[in-house]
Amino acid sequence: MTRLQAHVVVARPSFRVDLELDVAEGQVLAVLGPNGAGKSTALAALAGGEPLEQGFVRLGSATLSDVQRRIDVDISRRSIGWVFQDSLLFPHLTVLENVAFGLRARGMPRRAALAAAEEWLRLLRIERIGGSRPREISGGEAQRAALARALAPSPQLLLLDEPLAALDAEVRDEVRADLAVRLSAHRGCTVLVTHDPADAVALADDIVILERGRVVQRGTPEALRASPASSYVAAMFPG
Amino acid sequence: MPRGLWIPAALALAFLVLPLVALIARAPWPSVPELVAGSLPALGLSVTTGLTTTALCLLFGIPLAVVLAGSDGWPAPLRRVVRAVVTVPLVLPPVVGGIALLLLLGRQGLLGRPLEQLFGVTVPFSTPAVVLAQTFVSMPFLVLAVEGAVRATGRRFDVVAAALGASRWYAFRRVTLPLVAPGIASGAVLCFTRALGEFGATITFAGSLPGVTRTLPIAAYLGLQSDPDSAIVLALLLLAVSLIVIVSLRDRWLRGSA
Amino acid sequence: MTRAARRRAAAPASAASVLLVLLCGCSPPAGSAPAGSAPASASTATLSVFAAASLTDSFDALGRQFEEAHPGVTVVLNAAGSAELAQQILSGAPADILATASDATMATVADAGLLAAPAQVFARNSLEIAVPPGNPGQVAGLADFSKAGLLLALCAPEVPCGASAAAALTRAGVSPDPDTLEQGVTSVLTKVRLGEVDAGIVYRTDVLAAGGAVVGVPIPDAQNATTDYPIAVLAGAQHPALAEQFVALVRGSGQDALREAGFAAP
């Protein structure tokens, strides 16, 4: 049973982020907030890429971070998939090799890893570009490839950091639809960071509103629309 | 681009090309084959020591470059000192570098004396000494080129690789190294050509004995004292080797990075 | 670069600075600062003297003597290996006087028609074995130069000190096993000074000039090779009359200084 339970507190000279999370297996939690709210920082803290000042990250029975117990598991051993606003595909590898990277890094033989990667390309409908280099493909294709790469090793925790923000509106809708299908099939927990309520509504089961590093409200879109706790929430979910 | 730039640009190019033209014009062409045959030992020594130097620089210089590229979190004074140390051989007259190596590894040197007393090993006046002298002067070229390349690629790909489950070593081999390969290639070329032209540190630290420590530049310099024709031919040989290396590597591996 | 600048650049280690001056004696200071803008008037002339490295100390002294006797005249000394000096002059370096450590190198300049008058021998030098203090290699004579176990430095046969050393070794019936063939006598001396070699063959005057830094092992006259030191005014001299006077000093009252430095009379 994979369940993400976390309380991450990150302190920087200019701001502070304090976020509590509880995501059940197969569920998608969206962290919604304006730019500069500390969403990406909180996500990086879950990934182990940002030191915690206080708190813990537990995934299933494993403790990934715990400040008091001085536990801090390396990023590479957390079983995470991390997708960013830019695809960050490795430029020296083909799309197929990019998608196979996580499997190869975890020790899967080359042939098997490439076969599995091929399957992921099909699932995201980009099997045509497997042999292309990242610089030869479009933004939408690159983001699908990045999703395939993150999902291929079957991570227990999928972290999506504004995965659709860099795409044109039309492409964004297509990729969002495919992403929704993939997320419903994903058996781990997912945390989606976004500033776009459309993403949150389409992809998430539950929404947390983060403003200036603090949780303002949490709930389903309907609940948020019914009684917004701030003017920001009201603007995002107009009644 | 303002047109006025063409004039100084042309002058700069002419300044670089004309000495080579003079060298080629003055070459004693009829006796070139014979003189080249006579300088084969020096040529062989230069190429072997140059390649060995390049290999050593790659082996030790790449790790140093990667460490330096990640040194931003170090205390500022430490970072500055390390950076200065890496750059010193670039600004130091090579002869001084040779003296420093003698004071370190010579028979009376800091390390050289115990080496001789305990193991009976003397370093100066040997082919390995040539390689050490060349490595001392050419290492910075490789380190700076590779460090620049590592910094240019940034750390984000390291994070991506780690998130995908790659150990640091796996990420280094499969991501960092391939991404900085163009920097490594151009650094290696700089390193080799610098080693090939090395004179001052070599003659000071390793001396000059035909077949053992007398590399092409030393042979050329000595030739100038007695037989300028042979010096010209040796200089042409050096030029030819450097050009072959630069032209062939530039075209094959460095396209896009240059 | 001037000698002073060179010395400044090498300031950190005193040993290094000495070596620098010795080893870098290759750039012609004649072309630099003081000599560059010498006015024609003899009263403020700069006399440019190219002299073999082994003459450095004695010609420094003679230069000062000359300057005292000729107020307004500055003597600039470019001391380097003879072959190198000859090469510089053949390439057009501006100089008034050339003094070399061998007839052969002087001949290359004479053959090119660059001498104002035939060269005249003003001193002789002979060879001596230089060893570091304490003579760690226990070198007793030229015969030791065939020992593979010793670290030995000679001048390359292309330069005068190497040619002389080769002649002496031949005369002694020794086939040498050197570890390095240096491009000048100063480099050989440097390596002996640093204790990096067990012995080197240099000029008698070099051993004297080095003071206690090296120890001399004499070479018997029967084996020794003597070299003539010729001096000549150059055809391209800026101040031929002054140059003549300097040559006269070297061949006349200046002989005392040369004797003191260990040179023999011509």
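Observations
Every chain is named by a letter (A, B and C) in the order it is written, and numbering of its residues begins at 1.
Assume contacts are C-beta pairs under 8 Å (C-beta built on N, C-alpha and C of every residue); 3 or more make two chains touch, one makes a residue touch a chain.
Since the model is a prediction, treat every value here as computed from it, not as a measurement.
Taken pairwise by the contact criterion, the protein chains link up end to end in a single open path, with no chain closing the loop. Of all chains shown, B has the CA centroid lying nearest to the centroid of every protein CA atom. Averaged Cα coordinates give subunit A a centre that lies 46 Å from the centre of subunit B. In terms of their C-alpha centroids, the spacing between subunit B and subunit C amounts to 33 Å. Distance between subunit A and subunit C, defined via averaged C-alpha coordinates, is recorded as 78 Å.
By the touch rule above, subunit B contacts subunit A in their complex via residues 156-157, 159-168, 170-171, 174-175, 178-179, 181. Listed in rising order, the residues of subunit B touching subunit C in the complex are 93, 95-96, 99-100, 102-103, 106-108, 122, 124-125, 203-204, 206-210, 213-214, 218, 221-228. On the subunit C side of its complex with subunit B, the touching residues are 9-10, 13, 15-16, 19-20, 23-24, 81, 83-84, 87, 151, 153, 156, 158-159, 178-183, 187, 191, 194-197.
Subunit A contributes residues 47, 49, 74-82, 84, 88, 90-92, 101-102, 104-106, 149-150, 153 to its touches with subunit B in the complex.
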